[in-house]
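So that you can tell them apart, the chains are marked A, B, C, D, E and F in the order they are listed, and the count of residues begins at 1 in each.
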Amino acid sequence: MYSVSVRDHLMIAHSFTVEVFGPSQRLHGATFVVDAEFRRRDLDADGIVVDIGRAAEALKAILSDLNFRNLDDEPAFKGRNTTTEFLARVVFDRLAAAVKRGDLGPGANALESLRITLHESHVAWGSYEASLGG
Amino acid sequence: MYSVSVRDHLMIAHSFTVEVFGPSQRLHGATFVVDAEFRRRDLDADGIVVDIGRAAEALKAILSDLNFRNLDDEPAFKGRNTTTEFLARVVFDRLAAAVKRGDLGPGANALESLRITLHESHVAWGSYEASLGG
Amino acid sequence: MYSVSVRDHLMIAHSFTVEVFGPSQRLHGATFVVDAEFRRRDLDADGIVVDIGRAAEALKAILSDLNFRNLDDEPAFKGRNTTTEFLARVVFDRLAAAVKRGDLGPGANALESLRITLHESHVAWGSYEASLGG
Amino acid sequence: MYSVSVRDHLMIAHSFTVEVFGPSQRLHGATFVVDAEFRRRDLDADGIVVDIGRAAEALKAILSDLNFRNLDDEPAFKGRNTTTEFLARVVFDRLAAAVKRGDLGPGANALESLRITLHESHVAWGSYEASLGG
Amino acid sequence: MYSVSVRDHLMIAHSFTVEVFGPSQRLHGATFVVDAEFRRRDLDADGIVVDIGRAAEALKAILSDLNFRNLDDEPAFKGRNTTTEFLARVVFDRLAAAVKRGDLGPGANALESLRITLHESHVAWGSYEASLGG
Amino acid sequence: MYSVSVRDHLMIAHSFTVEVFGPSQRLHGATFVVDAEFRRRDLDADGIVVDIGRAAEALKAILSDLNFRNLDDEPAFKGRNTTTEFLARVVFDRLAAAVKRGDLGPGANALESLRITLHESHVAWGSYEASLGG
């Protein structure tokens, strides 16, 4: 299995709503350093997993929709705890949709799976990965 | 599959007992930067894989039992080479037991697997991963 | 010149009030990975710059007063842009005061200078350094 | 599953031959920081996955054959785009061959799989992994 | 003293012309991860050292002029060894000129000094720093 | 001012002898990731601060004399606490002597200063820097 990964980042405010989170129930924030790993069984004729320039642009576009925002105010996350692992899934779903729409090029439909990792600090990170059906 | 990871560290002395290890047969030591990755198929109702605060505390408690020690003097490791990969398994077994005892909260019994990685330097690391049966 | 550095982190929400900041005028947030570098011309009789355990505790105490908060609501920062470099100075002032109060031990009054660095992402960081008069 | 990883690096020139690569069609170059992860189901009698010294030497020998070269001039890569993911496969094939030849010691034939990751910058990397049949 | 740093990168081919460089006399290449540290005695009225967005853009523009090139073909470097430390000076001179031209905003003329660091691998880097006369 | 830095590492056992060190009074150990930064006002005729290959070899030779040892048994450190900052000075003194002996080439006598940093973990490090009189 081959993979290609790109890294970008995101800066948001949010709060959590349950007791388990302790002081993080207060409005606070995070920088998430975001890695997107694209996986594919074979390389295409050009020797690539995915056009890395388009992959980086697609990730940046998705992060831009979330960046510099208070996630507590986003209707899409109403009633949800926007934890690191939850947001990894959000980025996954949006990037998987971009792949299916052809934003990463026609060859990207051969991608087998995708893993999104959000680093919330130097000592904690979360991820979501799943098949893309490629 | 979702995951959450936490990082801590450990400083120990030890020596190895076989020829393959060359100068590391002498008593020496290591800092191990330790990552624990908890994996789970679905998030719980709060949107988490595991209570990250309790996960970090459980890891710290396990590392405290090993920290600032000469592992050659530990009865538990009698006759064993305490290599990086061997110690990854030790941390795995103790953290898996903590999960089963409920130290990470009742929801942690839904965890599917766990991966422990010990970084012994900027150019070498080892890991052990296995199912938790969650 | 000798130095000892310790690292910790901080997660906050904030917004900026001037045009130059563009989308960061919206309420958002950041994880700051914080390094405190303590400098001293000579080691003390025990061979140390500063008691590293007390240094780490003093830094953690200062970050705890800021952690998991919306800095826009903090009276201390009223009317100020809480930029990375501004916050580096805030941490410096509080840690310098802790040194002077003796929180890091009596030997810490020999410290010559202190540098605080806040990493806001993998691609941007800011710092403040100054003499401690030691 | 256990693993041991070692890191080294490589500095090469190359160019790409298709339109998708834009300015990287010009002759340019890269530093690749290379990680080799060796995986094995059980430890051997000495408590190791692989002799880490021999693993590091075998990786270095393979990288030396590529290092400080213009890959466009290498007959082995004639007509191929030497992308990060393509080169991850090249290193994999050569290291897998070294394992089979016994260069990493007789115990290395118990290795189950190998993953090679090439970091081309702080924001992009690629990998290839496959079974070693161990 | 305050500072703000931004990071970007650059991928080039080059060769060296003297014996001391051994195999690096052959045409090869490098990824340089480039850090620009801007220093200033006091913050401006907005609480900043420099407009970080404009600083990052100015650095990117300078790196774009060098990126994806064979430096042996650049007239500006005729007869020079484009070592890591030499290139740190090149980036310094061009970024200092951008500051003087006002590309980083009018406030940037208060900058006191600038340090450019180029990381050529995980185990080697070089830098150049000097006053900006601010 | 120009600089060039190289990184290597060291794995040792040791213990401390005073109360301030708490559990680190027990025999334990550390991996030290060691950075040596060589500084010089001007580049030489080849465009370098120092021959980076010889610099890396000289550092490795010095670390080899300490590596895989119990520092409590070294006569050179009798009665001393081998703290991170103390060891930074040891490496400095030995590397400065190598510079003076000409081990880094005749041009190295133009070096102005040297900084040695020892990273004992991902959250703590120490350094020593001083003039080389170049």
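Criterion: contacts are C-beta pairs under 8 Å (C-beta built on N, C-alpha and C of every residue); 3 or more make two chains touch, one makes a residue touch a chain.
Just so we're clear, the structure is a prediction, and the values are computed from it rather than from any experiment.
Centroid distances from chain A, each centroid being the mean of CA atoms, peak for F.
Comparing E-F with the candidates A-C, B-F or C-F, the pair whose contacts agree for more than half of the residue-numbered pairs is C-F.
Chain centres here are means of the Cα atoms, and by that rule the chain farthest away from chain D is C. Computed centre separation for the pair chain A/chain F is 41 angstrom, with centres defined by C-alpha atoms. Separation between the centroids of chain D and chain E, computed from CA atoms only, is 30 Å. Our note on geometry: chain C versus chain E, Cα centroid distance of 27 Å, whole angstroms. Shown for chain C are the residues that touch two or more other chains, namely 7, 122-123. If you check the complex, the residues on chain C that touch chain E are 18, 20-22, 80-86, 88-89, 122-130.
By the touch criterion stated above, chain B contacts chain A in their complex at residues 1-8, 43, 46-49, 51-53, 56, 105. Residues of chain A touching chain C in their complex: 7, 9, 11-14, 23-24, 26-33, 67-70, 120-123.
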